[in-house]
């Protein structure tokens, strides 16, 4: 479904991604691991067209989308759920969600889609008229996922959804991800919480990044086989 | 002098009408700044174009109302053309480049108008329906001024509904805060930019069109208007529409009453008001703390 | 082919560079400068056209002293430093006579410089040039002393418009001059002064003054502002019904002002000018001037056209009489003794201060009756004898000075 081929991405003159390649197949959960600052977010931004790579190719559903504007990629079924959430603070919860479905207004039944996300996130339903900026961190994280989800994307790129949240909420989010996965969503996930991630699905593959390069990749079982290296890359005890 | 209630009431009405022009002009400037991050130094130039377009349209069709509407449409389209062909190329560069582009336009267009229409200004007459005033004793109720106040109220309401109730309005509000995220939600923000620029310029043109009967309609009539509109926007808080409206109304009253009590301060008073408000509230009345 | 074009172009450019670099003996007889690009561009352009018409007229009949006259005209941008720089450039290139400008302050600076450097300067605007040493031997003016229009209008107003008056004045020297003139005349004529409002230059909204003016019920309101301010004031006073109830007296008006005000410039608006084109009916010598201008520009000339025209005319007449185009020792006495009869009957420069003996014309607006450029009716002419103070009084500034320095309401 998505194939990233050897991309190099820069911020100005600083070279961040050094030939990253990865693949995502339909129905899969693919995880990017790596320490802070190795370029996980940058990889997602490169795919989305926010920070296009200088060279290399990004193939999505058989089409070369390298450097294409984000809004065009979204219209083709990509969605990004950014780590900094980027809820529009001066819009209500309802408006934030409307913003997410605007480009698919003609193809989808808007009220059905709202019902669908409220089914996932019943808490949001109680807050529809509240401003996005007034939500708590956990609620904002739910809203940002809901906003990405509402247009039925074919590939969701979710960046560190549990970062900075209370354990109870982390579990809630994990449950949502499991549910999404069960319903056949394709997800490219960035997550620091290794154990939680491994628990998401058995149909899961991971890439471990180091200094802008893919160091290791494989299924959880395969990664377990080279646990030392993974531990070294991530700087944690598993 | 003794301040009778009539004088005070009239002063309030004159101030409201004055404020109405400020509000129209500044809300346009505020939309453009909020959405595009462009300091539109050509705002007064579009105000001037609004006045001239009104003059031309009235000469052609003979009707004030048709003239105003035509002027707003024509100038909005000119604004859209400017945005799409010249300004758009400079987004994402340093803020100074779009500013310089607008500044260039503010030098260039008045000269073009001078070449076409000559040095003698043009006359836009008050519509016959609104000419004159109703006198109640010593109280004057000037029809055109009252019309201006009503117009401002209607425009503000329309603007409010547009922003709150339409999708484009919602996108504009969102893009004002976070244009990248809006782009990442499948929305072509650059098209919205053009709409926003048109809207802002259209409001400037409307201000110029309705001011035309009251002031000298000459190619340089917009020069100080840009600065004054900036003052209003700064008072209200950068990028805040409600702030532009409140700021405009406050300035109208300030100028009106200073004209009565200390006329030689009337021009300076708007800057003093700005300074005072900035000291008390550095972000302006409705300014938000941080934008993206 | 392309190569050839480039070479020709280069050659042409070199030739041009050489031509402009070559030092020419005095490039012109007179160097003029007007603020063509400033907010008073219209008036500057009129003065310029007046000068050009005089030049064309002289050259059509063989020039001055049998040789065509040549003038250079530059833009002074309404800035004193630019004006001064242009003047120096003229003088450095060998031109002994300079002229023009608009704006009393700038005119004053140029005049001082001209006197210090012994250059003949012909001013063409309304000004308040200092008396005595700084309005020296080398300066002349075909404009008018600021207070004269105010004084003329005041004479007229207290006789015809009423006794109770109020004033809105631009807050700078020219505006103050007018207030002083009205106060002096008011005392003599038994006028009743009910208030003064001073507005900064660039005031756009005069509606805020209307309530207090109506409350004071003057017979007439002196509106001593000019340019955009004046147009805005008249339009707004028309809109608010003030000028239907109270007469307006304008110490200085002009054709574009009347034109831009449209029907608001009605029969209740009285304004002073130094000349108006319909006067050709009274002064037949002005007819060829008006006709020639009409033919060329498709509208009549304005008062400033006359100032520029008379400025250039008198210089050429004096050169012809003195038998020299450059020797100021002969040209200045010739100017002092010159009598002319051009657009407004017999006139001359007063010997003591070289100011033109200017008659002030009072115009009444025509409002909706105005047709084309027939914008106003001449209803009075006030001769200089009624407005010009004697030279020694002028020099001491004893009539207007003390009042101007202590204006009521300031």
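We call the chains A, B and C, going by the order they appear; numbering starts again at 1 in every chain.
Definition applied: a contact is a pair of C-beta atoms (placed from the backbone, for glycine too) under 8 Å apart; a residue touches a chain by one contact, two chains touch by 3 or more.
Note that this is a predicted model, so its numbers are computed, not measured.
Enquirer: With chains as vertices joined when they touch, what's the shape: line, ring, star, complete or other?
Expert: line
Enquirer: If you average the C-alpha positions per chain, which one ends up nearest the average over all of them?
Expert: That would be B.
Enquirer: How many angstrom between the C-alpha centroids of subunit B and subunit A?
Expert: 43
Enquirer: Roughly how far is subunit A from subunit C, centre to centre by C-alpha average, rounded to an integer in Å?
Expert: Here subunit A and subunit C have centroids separated by 75 Å.
Enquirer: Can you compute the centre-to-centre distance for subunit B and subunit C, using the mean CA position of each chain? Integer Å is fine.
Expert: 36
Enquirer: Please give the residue numbers of subunit A that touch subunit B in the complex, ascending.
Expert: For subunit A paired with subunit B, touching residues are 48, 50, 69-71, 74-75, 80, 82, 86, 88-91, 95, 98-100, 102-104, 147, 151.
Enquirer: How about subunit C: which of its residues touch subunit B in the complex?
Expert: Contact set of subunit C toward subunit B: 39, 41-42, 45, 171, 195, 197-200, 202-205, 207-212, 214-215, 227-228, 231-232, 235-236, 239-241, 255-256, 259-263.
Enquirer: List the residues on subunit B that touch subunit A in their complex, please.
Expert: Contacts found on subunit B: 167, 170-171, 173-174, 176-178, 180-189, 288.
Enquirer: Which part of subunit B faces subunit C closely enough to touch in the complex?
Expert: 1, 4, 6-7, 10-11, 14-15, 17-18, 114, 119-123, 125-126, 131-133, 135, 138, 140, 142, 144-145, 213-218, 220-221, 224, 255-257, 259-260, 263-264, 266-268
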